[in-house]
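You will see chain A twice below: alongside chain B first, and alongside chain C after that.
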Partner chain A sequence: MSSVIWYLYEFARKGWVENFAGAATDREIVESPDRFRDFPEVIRELCIACGACTAACPSPAAIKLVRTNDKDAENGEGITYPVINTDACIRCGFCAEVCPTDPKTLRTGESHLIREEFTILPAEKMFVIDDYLCIRCKKCMKACKVEDAIIEEDNKVMIDQSKCIACGECAKTCPVKGAIKGIYISNVEGQKDVINLVIHTLEDLIEAKQDELKDLPPEQIMKFEVPFADILEEAKGMLPEEEQIRDMVEKVTDRLKLRIITWNDSKCNNCRLCVDDCPSGAITYDEEKGVQRDANKCLRCTTCYQTCPFGVAGSYVARFLLTSTELQEDKIMVTVKPALLPFRG
Partner chain B sequence: MLDSLKDVIRKSSIHACLINTGGCNGCDIEIVALLSPRYDLEQYGIYFHNNPREADVILVTGPVAEQWKENLQRIYAKAPNPKIVVAIGACPLSGHVFNQEGSAIYPPLNEFIPVDASVPGCPPRPTEILGALLAVGPDAIAAKGRQKE
Partner chain C sequence: MIVPIGPIHPALKEPLRLKLQTRGEKVIGAEIDYGYVHRGIERVMEGKTWQKAVYLSERVCGICSYIHTQTFTETFEKIAGEEAPLRAQFLRVIANELDRIQSHLLANSTYFNTIEHETLFMYMLSLREPVMDAIELLTGNRVHMAWNVVGGVRLDAKEVHLKSIMNILDNLESQYARYPQMFEHGPLLGLRSKDVGYMSKEDSIKARAVGPIARASSITEDLRTEKPVYKDHLDFNVIWRGEGDNFARNMNRFDEVTESIKIIKQAIENLPEGKVRKKVNIPAGYADNRNEAPRGEVAYMIETNGNLIKNISIRTPSIMNIDACARYMFKDVATVADAVATYASVDPCIACTERVTIIDEESGKVHEVNGLHNVKSINLK
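Take a look at the complex of A and B:
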């Protein structure tokens, strides 16, 4: 009953009649809010033609890069800029998000102009934690001088690169060798070359000792040393600093495991079982020469070693360690042992 | 009594009909939002009837799938003159995400029926659809013959 009285009271008010006659949606609702992400706005002059926007666009035919045929412009190439096809654009804002120019070539709204924070300290190394080797002792978290720079998330210890100052304190306290790695940021191509150089030199050295390996009795290992100075001399052309080369080679040899395949022609009975099994076609058969192996094509997959009933192919695993003592010259210790696959005599 | 009063009043309003030609329903949901109290389409004198025989405005969403090629023309023929067509969303304009190799879609829409207005977006805002309807609706119908009562 009370609600009916309330309604009658409301209806009797003069203002209600006016509101009823002039009922309309609020302007606020009809107008797009400021935060609304509309079709991207393109500023042609800023474009560097990297193509990141076209790669990021989820819609086919929504964005493409065009180049003007302007002969008067610099280099006679004209300017390149993205064109948005509004018929296909879904206004997701991905193009503006990935645009690397500063200020951005493509603009959609404030929400997509956020840049990830990063430290501006000029550091040579970037420190990362190898999750495979990390034992979660969290000693690095205690040693770290910056608050929250090393975080534990989802049972993983990680370094927040936006806060890290690259002091290297964590790498010193880490009890596991190689669990925290200091990676040089510069000269990535040079670093690749050094890795290839080290691996190829070591492989060639071991393959040269084939005859010794063939006579190696089972469950015996072969050891020898390679002087580091030769590799260092050659690597100096690839990387400028000796310290960096040493660091690089140490990291490579620590985890490196090389597979070595030996070939004993005298045992071969030309059964040709291995010819069909070889995945890369490195083993061929010739009526005059018999079964031949091309070492350059070989993948070291050890399939021939597992197939051969006469023990022509041998499989060995080599591991390395770089020792550095003050008394004697630096050298790489090499250990070669037969592979842990069934041995055929 | 109320129904007959509504009928009398709705005679002068614009009758709209929605056709989804194989889209994802996103644009249709935006049109449903238009009917909700927040946007309230009927205050502008637009009435959703969904009957092509009485429609003044035909709203088309979706990228025109194989089966819709002929049916779309049939529906267009059934609507009384004057009639206007509004393409809603990116699909009737370009086929959008469906426009890929091997898909049986035939955009753009204006290859089949004449399109008077288009609203790009995936999906467009309800207010954008409303804006297009109001911009094109009353005037276009008047221009094509029938006077606004």
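Take a look at the complex of A and C:
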């Protein structure tokens, strides 16, 4: 009983209350020495969300970019700024060193005074997830350096473009080839030209081999190679950088599936069924010339192939692959095989 | 009879199992088990840029962390065929020697702890504290300094800082002289140290001992004499002794501290003006590089593709010293207590010793990479 009284008396003392109310943390008591490198100090307003600090940080999960939810009256959106996880930070000060803003967003010790170019990433690319190929493994969500930049909605994994800093970390971790694509933002017209160039060149090359295709038995496939250097030479006028061209061609050939229509005039009996069925008017009938097909107007819809009872039109599918080996020059491998569509004739 | 010590034991700083073979109280042999703190730092470094790996190299060793970053960055400079600016090289010398002083003082303090002379143990630690402050003044941090980068150092030392480092060293020098004397002439300390854990010169060559441990057994090798900046600009002696016992190893470390103070003072006085950092473009290539760490010779072998590290191998000095201790020093030690003191006298650092073990899956062959290996000779898939 006496001890309880003692405690009550002790806690009621004036000095105890004063000490309790005015207690200082360790940080306030200990004087930090000259040139001491503490955890980085963040000034939110200066951040431009370039992602250089997250790219330079050697410690995993020490720094993350965060976007505020509160709406700004002027910009209509919140601000992005780095947040330091003091449990993981090793206080190397590299983030302060690479920060490109002036004055710096991140400050620590004397390190922030240095101006050296290191791994500042230019946002050349925009990253998107191909929903068709995505296997929902969510590895990209773990690898992402920005909070809530990759989100899951209705069983779909998506990148929030307003938050993405285009660091490319997700594309590196993605286990499926082509599921996360880095699309170049600049030179969109040039990129379209390159795509068209690749498709037209390949299509022309295959259609030039019509005679070989006509005799192809349905079980067999035809294979040949196209050197990449030929396409590169032509594409150099459209896009400035070779690396970008290569990236484009790789992406195009990866998913490209070309339909090829062959036309065997000798089998035609002029029944004119195809002329009525063709949706684009590419097949015409003339009393002197007979039934004729205009390849430029053709949509490759294969309606004629499915309609013709005599087997005049043939349908084939071509797939492509850009190979890169150190020994040989880069090549585009082409595989053509007969289409597996129902055929009446 | 076998007396096991460790892996967790109050006398050992880090986990390691010592199996002492005893006859009566006399220790006649020892076996050592490693593998309690293996971290696979080299494997983590593979496929990373040097900016991200230099911090890992710092964490190889907790006491002599500085020399690891220096060797790592110098290896990259060697691959690029360039050298850091002379001022940066001088600053690296200053930091390296300060690190050596604190490491040697800590090593001696643990030795005095194991022979239960707590007064000297406390003295050593209190001497070490101002040196740590000097390191912090120069680099910005006490232990993991994050100061070296490829092409130089990150912070330039100002006149004020150099002056206060000089003050710290002057104070240290004036106080310091009495402690080696206490150890040299103290009768009880002599009884516990002299003629205990003897290793002859031949044995130390056979065991490939390095650093102060080898130099206490009449080997006069010091890698610093081969480094250009030490050779051309600084004047110092290689400390070595002939006794080869615990006393010699500790005295050797004591004397090296004085020598290090001399080197730092010379370096501060002759510090050239100029930049401390330059940009280095790293090509693809391979290089190996050695340096004198406080415990001996540390070697880095790095293969890079110009951006990422393809292959890296680190060899730290403690592995040879601990082997030398187990094989030759424990031949004839009077008591188990002396055996623990002998073990502490070789300044073992277990965390940096635990290196790669490669196991061939097909044949089940275990391939230990402890010595100096050419990384290219190991065929990793």
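Assume the second predicted complex is superposed on the first by the 220 of 345 C-alpha atoms of A that agree within 3 Å, B and C clash if a C-alpha of one lies under 4 Å from a C-alpha of the other, contacts with A are read in each partner's own complex, and residues count from 1 in each chain.
Note that in this section contacts are C-beta pairs under 8 Å (C-beta built on N, C-alpha and C of every residue); 3 or more make two chains touch, one makes a residue touch a chain.
The model shown is predicted, which means the values in this text are computed figures rather than measured ones.
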First (chain B), second (chain C), both or neither touched by A:56: second
Touched partner set for A:109, first chain B, second chain C, both or neither: second
First (chain B), second (chain C), both or neither touched by A:88: first
Contacts of A:32 with chain B and chain C, given as first, second, both or neither: first
First (chain B), second (chain C), both or neither touched by A:24: first
Set intersection of chain A contacts, chain C complex versus chain B complex: 36, 58-59, 90-91
Residues on chain A engaged by chain B in the complex (per definition of touch): 23-25, 29-32, 36, 39, 58-61, 85-91
Contact set on chain C toward chain A in their complex: 49, 51-56, 133, 136-138, 140-141, 144, 146, 154-155, 161, 277, 279
Complex interface listing, chain A residues touching chain C: 33-37, 56, 58-59, 90-94, 97, 109-111, 114, 116, 118-119
Residue ranges of chain B in contact with chain A within the complex: 38-40, 43, 90, 93-97, 99-100, 108, 118, 120-122, 125, 127, 130
